[in-house]
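Just below is one structure, and these are the notes that go with it.
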Amino acid sequence: MFYHVKNLIHPIVDDRPDPSAANALQEGLGGQFGEMRTMMQFLFQSFNFRGDGIPYLDLIHGVAMEEISHVELVTKTISKLLDGAPGYDGGKFDTPGDSTVLDMAKEQKNPHHFIVGAQAALPVDAAGNPWSGSYVHNHGNLVLDLLDNLVLEATGRLQKSRIYQMSDNKTLRSTISFLIVRDGAHQMAFAKALETLGVDWAKILPVPKFDETQFPEVKKLMDAGVHNEAYTFSLDGSMMDQIFSGSSPANDGSELVTLKEPKESYPCPISPERPEEFAPGLDPELQKLADAFSEFKEKTLKDMEDKAGPNPRNKEI
Amino acid sequence: MFYHVKNLIHPIVDDRPDPSAANALQEGLGGQFGEMRTMMQFLFQSFNFRGDGIPYLDLIHGVAMEEISHVELVTKTISKLLDGAPGYDGGKFDTPGDSTVLDMAKEQKNPHHFIVGAQAALPVDAAGNPWSGSYVHNHGNLVLDLLDNLVLEATGRLQKSRIYQMSDNKTLRSTISFLIVRDGAHQMAFAKALETLGVDWAKILPVPKFDETQFPEVKKLMDAGVHNEAYTFSLDGSMMDQIFSGSSPANDGSELVTLKEPKESYPCPISPERPEEFAPGLDPELQKLADAFSEFKEKTLKDMEDKAGPNPRNKEI
Amino acid sequence: MFYHVKNLIHPIVDDRPDPSAANALQEGLGGQFGEMRTMMQFLFQSFNFRGDGIPYLDLIHGVAMEEISHVELVTKTISKLLDGAPGYDGGKFDTPGDSTVLDMAKEQKNPHHFIVGAQAALPVDAAGNPWSGSYVHNHGNLVLDLLDNLVLEATGRLQKSRIYQMSDNKTLRSTISFLIVRDGAHQMAFAKALETLGVDWAKILPVPKFDETQFPEVKKLMDAGVHNEAYTFSLDGSMMDQIFSGSSPANDGSELVTLKEPKESYPCPISPERPEEFAPGLDPELQKLADAFSEFKEKTLKDMEDKAGPNPRNKEI
Amino acid sequence: MFYHVKNLIHPIVDDRPDPSAANALQEGLGGQFGEMRTMMQFLFQSFNFRGDGIPYLDLIHGVAMEEISHVELVTKTISKLLDGAPGYDGGKFDTPGDSTVLDMAKEQKNPHHFIVGAQAALPVDAAGNPWSGSYVHNHGNLVLDLLDNLVLEATGRLQKSRIYQMSDNKTLRSTISFLIVRDGAHQMAFAKALETLGVDWAKILPVPKFDETQFPEVKKLMDAGVHNEAYTFSLDGSMMDQIFSGSSPANDGSELVTLKEPKESYPCPISPERPEEFAPGLDPELQKLADAFSEFKEKTLKDMEDKAGPNPRNKEI
Amino acid sequence: MFYHVKNLIHPIVDDRPDPSAANALQEGLGGQFGEMRTMMQFLFQSFNFRGDGIPYLDLIHGVAMEEISHVELVTKTISKLLDGAPGYDGGKFDTPGDSTVLDMAKEQKNPHHFIVGAQAALPVDAAGNPWSGSYVHNHGNLVLDLLDNLVLEATGRLQKSRIYQMSDNKTLRSTISFLIVRDGAHQMAFAKALETLGVDWAKILPVPKFDETQFPEVKKLMDAGVHNEAYTFSLDGSMMDQIFSGSSPANDGSELVTLKEPKESYPCPISPERPEEFAPGLDPELQKLADAFSEFKEKTLKDMEDKAGPNPRNKEI
Amino acid sequence: MFYHVKNLIHPIVDDRPDPSAANALQEGLGGQFGEMRTMMQFLFQSFNFRGDGIPYLDLIHGVAMEEISHVELVTKTISKLLDGAPGYDGGKFDTPGDSTVLDMAKEQKNPHHFIVGAQAALPVDAAGNPWSGSYVHNHGNLVLDLLDNLVLEATGRLQKSRIYQMSDNKTLRSTISFLIVRDGAHQMAFAKALETLGVDWAKILPVPKFDETQFPEVKKLMDAGVHNEAYTFSLDGSMMDQIFSGSSPANDGSELVTLKEPKESYPCPISPERPEEFAPGLDPELQKLADAFSEFKEKTLKDMEDKAGPNPRNKEI
């Protein structure tokens, strides 16, 4: 069973809207090697796991858990990059009338961001193809599943390193850098599992092999050791650390460490209404009904204030 | 961020293998109206949510959380229905040689259960089509998203009520009955949300409209009130109960109640090795390496014993 | 604009249910060379037609019109072949309870006929693949579109001649024979259009080349001349006959003739309720509401009686 | 069986070519919630209809009939928006030689409009994905099919209201406004059918809820009452009016009315040749053959003149 | 540029028709990890290759060349397994009339083998899904492409080892055993290439790890050393042997050897006509034309005789 | 079995990078009527061929062989058009750091060219849809397969004639002109085969019908007679010339001629490294290993020199 806290695994950094960057980032969400695939592939592998190699199961499952939070993060980053792109500034209950406020939308890489979604992330790749279940590989053979996972994480890291160079938008670069680092850590997870079966990776890892500290946001996370951590996200224990510990299979002298969860987490921003998208699209009458029913308005405002304040780590988890 | 406990939301009941039933149940997993869709649709809707209607957001998100556990449950049920279907009884490191131990596999509805997966669930529907991201509807308009979700849950309940009548296999019927009941509860969730905006559903709910207590496993769950519960699965609070409470929109006199989590949870079975599928496929040499590396064998056995014992609800969550 | 009469272009002949035959016939509906494709391909070609070659446009459009009626016919034939396959004989408002009345469904070629549809035709092919817009060819070049249409109709006739040999079910064979004959006529339509541009087809038509009078149902239709007719289905005139007239491009000495519509048409059967599919699924309460609202019951019964009587050709059309 | 008249349900308004607008409008044709889906979904639902609720059948079928005319209208609007985009002005039998007359084509949203089609509509959505049979929902349960249809029409109206704001091109806006109004009327049709079963929609309809009279073209149609009309398009009667009559489920005091067909219809424009697309691509020799064969040229010219004249409503229908 | 000889890389062994085995083998042709993918993936990687690592390019390209011959072999094996399945024994120009000679066809795993193809292989997998270009992975990063190729070949070998156990049909087992051995050799090829970059595979290869000599047909090929050979299929040289030589990365003491082509090749059988499929479907009149035109009949017969004789290795290549 | 020589069938002409032209050309590679389809369709037709019409088999197979070389040519042309588009000029082992060197990539028609591939051709069409096995038509009926092939080649020629007008880039126009000419020759091949069965094509061929000599690159090839040649690419004989000889079915007085292979062939360029794509992505350490292992560097350089020299036709083939 699965539980949730309303924090993000990485902050959403503020910058200008950039629909082209949003579309490039879709590859990291709904692409063949994006976060939706890693999440579903590792979940299927752990649900269908055979045999008593529990540490291997717990390793795959722990990475799967993090990938759900990645889907959450990337979705919110894409929405942020799209949000406000048309620059409409009408009131909450105004409708744009005959102005062409969405004029730019039909020129974008994927008009679906504005026609099908309300300036929101979609389960598609950067070329507009919907995500497919055929992306999920779960061969059932442990060695092969580990090798396949290694290739998957390496491809994720490669594609994200390419996307990094496509825009200096801070919203994009903050999230993409975090993913480069975490895809690297997950490469190490599956490489280390194969090391327990005898493989020596010498100097080929991580893929791609380059000086990633030239990307400043990546360097900052590596300086904090984020590239050598893994998280169990388990409320009742895990044997993941039996594998993810000791020397890194990157053979760079660094050490791997397994934690229950990341050291930091971050508030989850609330997206504003977009009247030109009819989102959420309550008119005054319906809004009044909603308000009267639950009187949630005050509570909500208070809640938002609370959120805007410091986000102390939730103690009771 | 997401967390996990190693319990299932509903038990896996023991019965004979039944690959045809497993294939029918694939519709409930990877079908256009199956659990993978509900999970992804509600996650996308909550990640992309706009405006300050937090109770509506928390309602959608709470249901999404449960759907992940449904994917876990259905996947494990399908694997259980497939497991051992060929009846091979060789030793762990034996290989079948030139016997045709998988002879029945090529005659099954979906040979992929035996060729692509190792007698394991797949992200496809009952006709073998892979799950598609195009199934995910996230219009961004609150009223429309709620209506769409109602149709989705109603269709899920309809299809599962049809599948119930396709086999008396206890493994299948236990899980499918639980899903019929929970899809009904989720119908109520979205119907109730529309009720707060003024709609009166009269007597059309739930869809399909029939005396579901004629399915004994369903009756037992309804007697326990499971069809009127919703769960937040949240570790830091939720406003879901502002909507999911009071009289049921089925207008049958019953009352809705929101809980943090289900009252019961169940141990998660470990799937046996299937040497004829090369799953997990370690030979003696690799197995020895794995064992030597982590000495996890003893721990694992002890862990399995513990699991076989009573599964007291994990207190610290 | 499009108009409708409640008659079928060919009768639905009565025989036992046969789900495998129904599935084979799906190729003729939702297959790459089935009726959905011919309908959409010819509609797109006529909507997008360029230039003043109105007789060519009217020819393509006239065939398109007939294809919509073919989709209607094939859909109803498939439903008839599926209808009652499980043999459930409960009352209208009964529910099957814990019996496995749909047991055979999970063993069928395409379980979707019973899970997704209520023993009803689907927009898929005989292997369960959904129909795709990529099947529609509309090159814009007149000669090429005509050649493509000829290949399409020839393939339709080939596949249906193969399906004819797969079952002696009278429901199947009656409809499939009609389609063999009409696909032949449509081959002649496009071949004749190319003849006007100089091509001489010698003896290669129709494709496939065989003595189709060995199929008795086909022979009967050919004896009536149905293979040499085309219909405009136009309420305000057509130049189709400028092309579809004179000697047949089969070069067999027969003559082509263009009519407004087929000489005969047939009553459209009403499909019975299937309670085990929850179709239509009104319970007594909802049924009463529906009846009370419109008092349509009596009118409906009378209407059904009228339909069961002789179906005199609607004069006012 | 189906019949045709050569009139459009709404006029094609003249304006400059606009390929980006054409591409956005593709969503309304081949998108998951576009006119191809409404047409096929409602046709399948009426062909597969079970039980004696004939007024419900006639309602669904009547809307289906109109959707075929919408596909005709949208296809022709897209072609009009594409037509002449490259600005080539060679003679009918000229070929552009080595000029790059289609230079702009490779920069367009969907180059298929110029490579695969001859500046013509395609059965794809605004992101270039081909239409899929999986879009067609026909659950067989009457309440569920009606709810699904309501969601479908609401989504159509939402997406078209977004597209309206993307361009002030008059060709686009005229057609899109008509579709907004008719999708609204169809929402009322399915909502009213559910009202007969007891549902009270209060104030949530139509979806999206906004002052659509701010779109001037929409206002004009609403002033004429087009948003409260439904059409049977039946040549032999319909019980549609038993449902589609009385007060609108929008609960705005207006009244619904069922007609045989729209009060107005419009001439269907003939698309010019595009030599740079080789469409239709007859060279002088082939053109001469075509002319000699049927001497249709004079008749065609006369026919075109007739069409250019007043288009008096065809009396004999 | 590519050249061809009319020999097969492995013989087609004679046995009874077996459509289910044919369908299982489709996974090895059009499946996500089948021969069509290996062929296209390695061709794309070699066409798009960057840099001066010519031995790596030649290695990938050499394997690609063999995969084309595998597609040829598997296609012909599937056709052989399907051929004659209906048991029709009419004469060449007979048509079956109203007999149901293809009755069994509608019950097969994939009816397309008999409706769409004429008892012939299709570019689809064992669940009927068409092959997709999205299967082709060409990341452009050498280390990653090599790892991906290794996973691909390992999965091919795993799936084929499963299929081996599904039937004792000799036609199937002969071809599948050859593919198990060659997929193993190709695993070694990509593993060896990674060894040149430092990786030590210890004992994990080949995947799956089992005693494959228990499959007698596999053992025979391994005894002949076929599992340690690679072929350049190049007419103008290759540096493949710089990588594929020396000790095997299976670390079993065996040695790799690169050859221009396999030591043996085999005659390519001619498939008989299937009149019930209208294949090739010439009637006496067309057959006479074909014969008269080219008088090829005699030559053909002589050619067939030559083929039936010993197939001495073509010297001039 | 298949063999290869390292020459191209047509030269890659040098010009500036042009990603939009590259994307348009993707239609000619992975489009529904592109070279991947012709290659796979003709290969499947020849592998599945039935009966003793060997000259027809050899004709289809000979064209199939050429299509593999076309896939090679088009892939390399697309890569050439993409190569260097970002204008990065760092050193081989440099990484771009935080510069946005791939900034233009996210604005391109298909960002996959830069994210998924390393400025490389993909198996997709100009709208980004992956190639599908459903494109392959192999009906099994000889007349129908020949007609289908004729339509396929005609559509290829039509689409390429449109693409020619989209850019004056010399890299694009050289390759596209060659394909226009060869698609024309292949039209003649299948038209001639149908001529042997009696058909007279009069003046409709080739499709499209226009004065292609207005495209100067096309004219040059036609002047050399390339449009009337066919090649067997067979190392052990072919009966193709029994069909492909004598007067052209274009009925323009020209004569067809069958050769073993084209009169000219061309050196195959080596693509440079693209460090910003991490392609091939060896760092100094890995490069050193690779060099040390095989000392291939010197040989490679020499090989490149040899290639840059005159490319005398390889005599020993």
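Note that the chains take the letters A, B, C, D, E and F in the order they are written out, and that residue 1 is the start of every chain.
Operating definition for what follows: a residue touches a chain if its C-beta (ideal position, glycine included) is under 8 Å from a C-beta of that chain, and two chains touch if they have at least 3 such contacts.
None of the values given here were measured: they were computed from a predicted structure.
**Q** Quick check: more C-beta contact pairs at C-E or at E-F?
**A** It is E-F, judged by the count of C-beta pairs in contact.
**Q** As a test of understanding: of all chains, whose mean C-alpha position lies farthest from that of subunit B?
**A** So the farthest one, by centre of C-alpha atoms, is F.
**Q** At the place where copies subunit A and subunit F touch, is the share of residue numbers found on both sides over half (same) or under half (different)?
**A** Here the answer is different, because the shared fraction of interface numbers falls below one half.
**Q** Work out the mean Cα position per chain and let me know which chain is farthest from subunit D.
**A** Result for the farthest chain: E.
**Q** Suppose each chain is reduced to the average of its Cα coordinates; what separation in Å results between subunit A and subunit E?
**A** 41
**Q** Suppose each chain is reduced to the average of its Cα coordinates; what separation in Å results between subunit A and subunit C?
**A** Each chain reduced to its C-alpha mean, subunit A and subunit C end up 49 Å apart.
**Q** What is the distance in Å between the mean C-alpha positions of subunit C and subunit D?
**A** The computed centroid separation for subunit C versus subunit D comes out at 23 Å.
**Q** Show the residues in subunit B shared as contacts by 2 or more other chains, in ascending order.
**A** Each of 32, 116, 124, 128-130, 132, 134, 139, 141, 143-144, 158, 197-198, 203-204, 207-209, 277-278, 281-282, 286, 289 in subunit B touches at least two other chains.
**Q** Among line, ring, star, complete and other, which one matches the pattern of chain touches?
**A** Chain contacts: none of line, ring, star or complete; other.
**Q** Go ahead and list every pair of chains that touch.
**A** Here the touching chain pairs work out to A-B, A-D, A-E, A-F, B-C, B-D, B-E, C-D, C-E, C-F, D-F, E-F.
**Q** What part of subunit C is in contact with subunit F in the complex they form?
**A** Subunit C residues touching subunit F: 32, 129, 132, 134, 137, 139, 141, 143-144, 147-148, 150-151, 154-155, 158, 194, 197-204, 207-209.
**Q** Over in the complex, which subunit E residues touch subunit C? Could you list them?
**A** So the residues of subunit E in touch with subunit C come to 95-103, 105-107, 110-112, 114-116, 124, 128-130, 276-278, 281-283, 285-286, 289.
**Q** Would you pull the subunit D residues touching subunit A in the complex into a rising list?
**A** Touch residues, subunit D against subunit A: 20-21, 23-24, 27, 31-32, 109, 125-129, 158-159, 161-163, 165-168, 203-204, 207-212, 214-216.
**Q** Spell out the part of subunit E that touches subunit F in their complex, as residue ranges.
**A** Checking each residue of subunit E against subunit F gives 1-9, 30, 36, 40, 43-44, 47-56, 61, 65, 68-69, 71-72, 75-76, 79, 116-124, 130-134, 136, 138-144, 196-198, 233-237, 239, 242-243, 261, 265, 270-274, 277-282, 286, 289-290, 293-294, 296-297, 299-301, 303-304, 314, 316-317.
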